[in-house]
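In what comes next, chain A is part of two complexes: it sits with chain B in the first one and with chain C in the second one.
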Partner chain A sequence: MLSVENFSVTFTMYDRGLVQKQLTVITDLDLEVRAGEVVAVVGSSGSGKSLLAHAVLGILPANAETSGRILFQGEPLSAARCQALRGRAIALIPQSIGYLDPLMTVGAQVCRVGQLNGLAKPAAKLVMLETFKRYNLASEVQHLYPFQLSGGMARRVLVAMAVVGQAELVIADEPTPGLHPDVVTETLNHLRELASEGKGVMLITHDIEAALQIADRVAVFYAGTTVEIAAASDFANGKLRHPYTQALWRALPQHDFIPVAGD
Partner chain B sequence: MQLKRLAQFTVRKLIRLVLLLIAVSLFSFVLVSLSPVDPINAYVGAEMLQIGPEQRQLIAERWGLDQPMITRFWLWLQQLGSGNLGTSMIFNQPVGTVIANRFQVSLQMLAIAWLLSGLLGLGLGVLAGAYEGRWIDRTIRFYAYILASSPTFWMALLLLIIFSVTLKLTPICCAAPPGVLATDVTLGQRIHHLILPAVTLSIIGVASIALHTRQKLIEVLNSDYVLFARAQGETLWGIIRHHGLRNILLPAITLQFASLSELFGGAVLAEQVFAYPGLGEATVQAALRSDVPLLVGIVFFSALFVYIGNTIADLTYQIIDPRIRIGGL
Partner chain C sequence: MLIADQVCFRYSPRHPWVLHQVNLEVTPAEVVGLQGPSGFGKTTLGKLLAGYLTPTQGCITLAGKPLPPQGYCPVQMVFQSPESAINPRWRIAKVLQEGQFPSLDLQARLGIHSGWLDRFPHELSGGELQRIAVARVLNPQTRYLIADEMTAMLDANTQALIWQAVLAHAAQHRLGILVISHEAALLRRICHRVVDLSDANTIRAQASASERA
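== the complex of A and B ==
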C-alpha cells in the first residue's frame, strides 16, 4: 500500500549569519506498509520518525527538501496527489491533545474531518456519533473542549478522528507516551483492530515493547534511516541482525536491562 | 462559584477604579494649578489692560482662586461627592454639561474610527499573516510601520492638504458648515464633516492592530493543531476560517478594547487639526486656558472611559475563552 524507497529529507537552514547549512535528517530510507498490517517504526527521540510521517502526509516545513520515492497504492505520491489524499486516504493520529484546536469543541473538530471527507454536515454528525459509540465515548463528549478530556478519552477521540474519514493508511505518531498501561493497551488494540479491517497502520513510537505487542513487522530507525526491518517474532526468537536492534532489545527491563550507549 | 468569582472580580475592579480616579484627579489638579498659565489672564484675554486689580480680585474670589490649592481640591472633592463636577471657567457652563455635549460630538467620530480600525486592522493582519514573507505581507508591514511611526497631527494635516485643499472633497474644518444654525444641520452634512477626522484616527489605529493580528496568526499557523488540521486536508483558508479566526479573535477583541486609550489620545490631536468641536478640542482649550474644573473633569471622564474599555477587554476572556469560563483556570 505504502512503499518508501530510498527516501531522504534535507533541511536548509541558516547556521551563523548568512551561511547556509544543509542538515540531512532522513537518509536512504526504505519502508513498506501493506494493507492489513501494522508496521512499527521504532527509534529514539529525535531520530526523525515524526518527519517520516509528515513527509508521507506532505506537511513538511517549507525549508525541507526530499529525494527518493514514496509510492501510495502503486503510484508516486506527488505534491498534488498528496494534497488530495491527506486526511482522506491517509490519516494521522497525532501525539497528544495538543494537536486539537483548544477553542473548538471536540464534536465540531471530529465533524470537520467528516466534512473534509466530502460528507455534508448532518451526515458528518451521524458518522461522528457512530464512531463515538464504537469507541465507547458518550455523546456528551462532543460538547467538551479538548482541555476537559481525560487521557484515555483523548486517545479515543484522536483514534475516532482517523476513523471518521475512510482512511486506508493510518499513521499513528507516538500515540502512547505518558499514558496509563491500560490506556496504552487499549489504544494499541484500537490500532490492531484498524489493521484487521484491512487498513495499513504505521505505528511510530520509541516504545519497542508497545510496538511488539501489536506490530507485524518492526522497522528500527537509527540516525535517520532504517537499520533493520524485522518481523515481530524475530525479536523473541533472537534472530535480530543489527547490533542497534539487539541493543534495544537487551535494554528492556524484562531482558538484560543494559542501557543503549548514547549516540 | 461562578457568581462568586464574578462578584469578586467586580469588587476588585471597582476598588481599583476608585483609587485610579483619586490619583488621576489629584495629579491633574496639582499639575494644572501649578502651571504657569494664569487662569484669570487666560479668561480675560485681550481686554487685560482695561481691567483693574479690583476686578481681577473679584474674578479670583468668584472662582475661589484666592484660596490655597489644598482647600480648593478639598472643596472640589466634596462637591464631587454630591455629583457636582463644578463649573467650567471658559464655557461658563457646568462641567458635566460641557463634557456631555462635547462627548456626543466626539462619540460618532470615535465609534467610526474604532470600528474601521478594528475591522481593517484585522483584515490586513490576517492577510499579512497568511502570506507571511510574501510581497503582500511585506507591503502591509511596510504600510503599518510607516503609519505606526507617523504622528497623528501630521497625518491629519496631510489628509487635509490632499482631500480638502487639493481635491476639495471634504470640508476644511468643524463639525458643520459655518454660519448654519445647529438645528438646521442635516445628517449628510454632519457625516461629510465627520469623515476625514474619523479616517485619520482609524488609519493610525489600523497599524498596531494589523501587526498584532499578523503576529498572532503566524503563531497559530505554526501550532501543532494547525499542523494536524493540515494533515486532515484543510487548505490554508480553511485553516484560517475554522481555526485561525477562532484563535486570534480573543486577543484581537482584547486589543481592540485596550486601544480605546490610544484612540482617545489621538482624538485630542485630530480634533485640534480639524477644529472639530469634540471632547479632545475642549481638552486643549481647558489646558491652554488653565480651566482646572473642566480639565480635571475631562481627565476624570477619560480615565473612566479607558478603564471601562480595559475592563471589558478583561471580561471577554472570562466570558469567551472556554478554558477560563468552564475550567476556572
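== the complex of A and C ==
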C-alpha cells in the first residue's frame, strides 16, 4: 500500500547570519506498509520518525528537500496527489491536541472531517456521535474546546477524528503517551481493528512495549534511517540483530534501565 | 516535609469537586509514585503542591509553613510537553538562567551539549528539550520535584538517561520527588511507595453521596 524507497530529507537552514548549511535528517530510508498490517516505527526522539509521517502527508516545511520515492497504492505521491489524499485516503492521528483548532469545539472539528470526506452535515454529525460513543466519549464532550479535555480524552478525540473518514492508511504519531494502561491497550486495539478491516496502519512510537502489543513488524529508527526491521516476536526471543535495538530493549524500566551512551 | 492536608479543589462553586479531602505527604529524599485513571485529578494535585493553584479547602505546607507566595518556589513541577513549558522566543541559555545555571557536571549527566545553549527551543527535539526543562529545575533551591508524566513522551533510552540523572541528583541533595505516571513498570522501578488516586476517589464518591443525602 505504502512503500518508501531510498528516501532522504535534507533541510537548508541558516547557521550564523547569512551562512546556510545543509542538514540531512533522513537518509536512504526504506519502509513498506501493506494493507491489513500494523508496522511500528520505533526510535528515540529526534531520530526523524515524525518527519517521515509528515513527508508521507506532504506537510514538510518549505526548507525541506526530499529525494527518493514514496509510492501509495503503486503510484508515486506527488505534491498534488498528496494534497488530494491527505485527510481522506491517508489520515494522521497527531501527537497532541496542539494540532487542533483551539477556537473550535472538538465536535465541530470531527464533524468537519466527516464533511471533507463527502458526508452531508447531518450525516457527518451522526457519524461523529457514533464514533464518540465507540471511543467512550460522553456526548457532552463534543461541546468542549481542546484545552478543556484531559489527556486521555484528547487522545480519544484525535483517534475518533482519524476514524471518521474512510482512510485506507492511518498514520498514528505517538498515540499512547500519558495514557492509563487500559486506555493504551484500548487505543492500540482500535488500531489493530483498523488493520483487520484492511487498512494499513503505521504506528510511530517510542514505546516498544506498546508497539509489540499490536505490531506485525517493527522498524527501528536510529539517526534518520532504519537500522533493523524485526518481527515483533524477535524482541522477546532475544533475536535482535542490531546493537542499538538491543540497547533500546535493555533501557526499559522493567529491564536494566541503563541509558545507551551517545544519541 | 511536603504535606497536602485534607485538600479539596474545584474550579468554581458551580463545578464538581476535582479533588476531595486528599491527603499526601512526601519526605525529603523520598520518591513517591502517583497513579490513577485520567481525569482523576493527578495533574491538579501536582499543580496544587507546586503552588500553581490554591486549594479551595485544606492546605499545602512545606516544612510546616505555607508555600511562599512570591519568589522561587522550592516545589517545582516538570510537565509532559516541554514545548509548552519553555518560552519559544528565548535561547536555551536564557531558559536555563530562569532557575540557577546548571553545573557542567549536571549538564554532562543529562547529556546536554554546549552547542545547544545558543539555539532556540524549536531547534531541539522533544527529548532534548525535556532535558533542558529538567536541568532548569534541578538546582539547590529546589527541595521537591513534581514530575508530571515527565518522560511519557520520550523513548526508553532518553527516559532512562533523565531518570538516572534526576535520581542521582535527588540522592545527593535529599530532594523529594512525586512521580505522576501511568507506566507501572517505571513506578515499580524508581518509587519507594506508590499512591493510587482512584482509592482516594472512592472516598470522594462517598463524600459527594453523603452530601446529596
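Everything below uses one rule, namely that the second predicted complex is superposed on the first by the 260 of 263 C-alpha atoms of A that agree within 3 Å, B and C clash if a C-alpha of one lies under 4 Å from a C-alpha of the other, contacts with A are read in each partner's own complex, and residues count from 1 in each chain.
Keep in mind that, in the parts below, a contact is a pair of C-beta atoms (placed from the backbone, for glycine too) under 8 Å apart; a residue touches a chain by one contact, two chains touch by 3 or more.
Fair warning: this is a prediction, and the values are worked out from it, not measured in the lab.
Peer 1: Would you sort A:R88 into first (chain B), second (chain C), both or neither based on which partner it touches?
Peer 2: A:R88: touches chain B, not chain C.
Peer 1: Which partner does A:S45 contact after superposing on A: first (chain B), second (chain C), both, neither?
Peer 2: Second partner only, chain C.
Peer 1: Which partner does A:A230 reach: the first (chain B), the second (chain C), both, or neither?
Peer 2: In the superposition, A:A230 touches no partner, neither chain B nor chain C.
Peer 1: For A:L57, select first, second, both or neither according to whether it touches chain B, chain C, the two together, or no partner.
Peer 2: First partner only, chain B.
Peer 1: Pick one for A:S150: touches chain B only (first), chain C only (second), both, or neither.
Peer 2: second
Peer 1: Which one hits more chain A residues, chain B or chain C?
Peer 2: Counted on chain A, the partner with more touching residues turns out to be C.
Peer 1: A:V127 in the overlay: touching chain B, chain C, both, or neither? Say first, second, both or neither.
Peer 2: Neither chain B nor chain C is touched by A:V127.
Peer 1: With both complexes superposed on chain A, which partner does A:H206 reach: first (chain B), second (chain C), both or neither?
Peer 2: second
Peer 1: Which partner does A:L116 reach: the first (chain B), the second (chain C), both, or neither?
Peer 2: First partner only.
Peer 1: Following superposition on chain A, which residues of chain A contact chain B and also contact chain C?
Peer 2: The answer is residues 98 of chain A.
Peer 1: Can you name the residues of chain C that touch chain A in the complex?
Peer 2: Per the touch definition, chain C meets chain A at residues 36-39, 43, 80-81, 83-84, 111, 124-128, 149, 152-161, 163-164, 182-186, 188-190.
Peer 1: If we count contacts the way the header does, which residues on chain B are in touch with chain A in the complex?
Peer 2: 224-225, 227-234, 238, 242-243, 246-247, 250, 321-323, 326-327
Peer 1: Spell out the residues on chain A that touch chain C in their complex, using ranges where they run on.
Peer 2: Its residues touching chain C are 42-46, 96, 98, 150-153, 174, 177-184, 206-209, 247-249, 251-254, 257-260, 263.
Peer 1: Help me check something: in the complex, which residues belonging to chain A touch chain B?
Peer 2: Listed in rising order, the residues are 54, 57, 59, 83, 86-88, 91-92, 94, 98-104, 112-113, 116-117, 145, 147-148, 161, 165.
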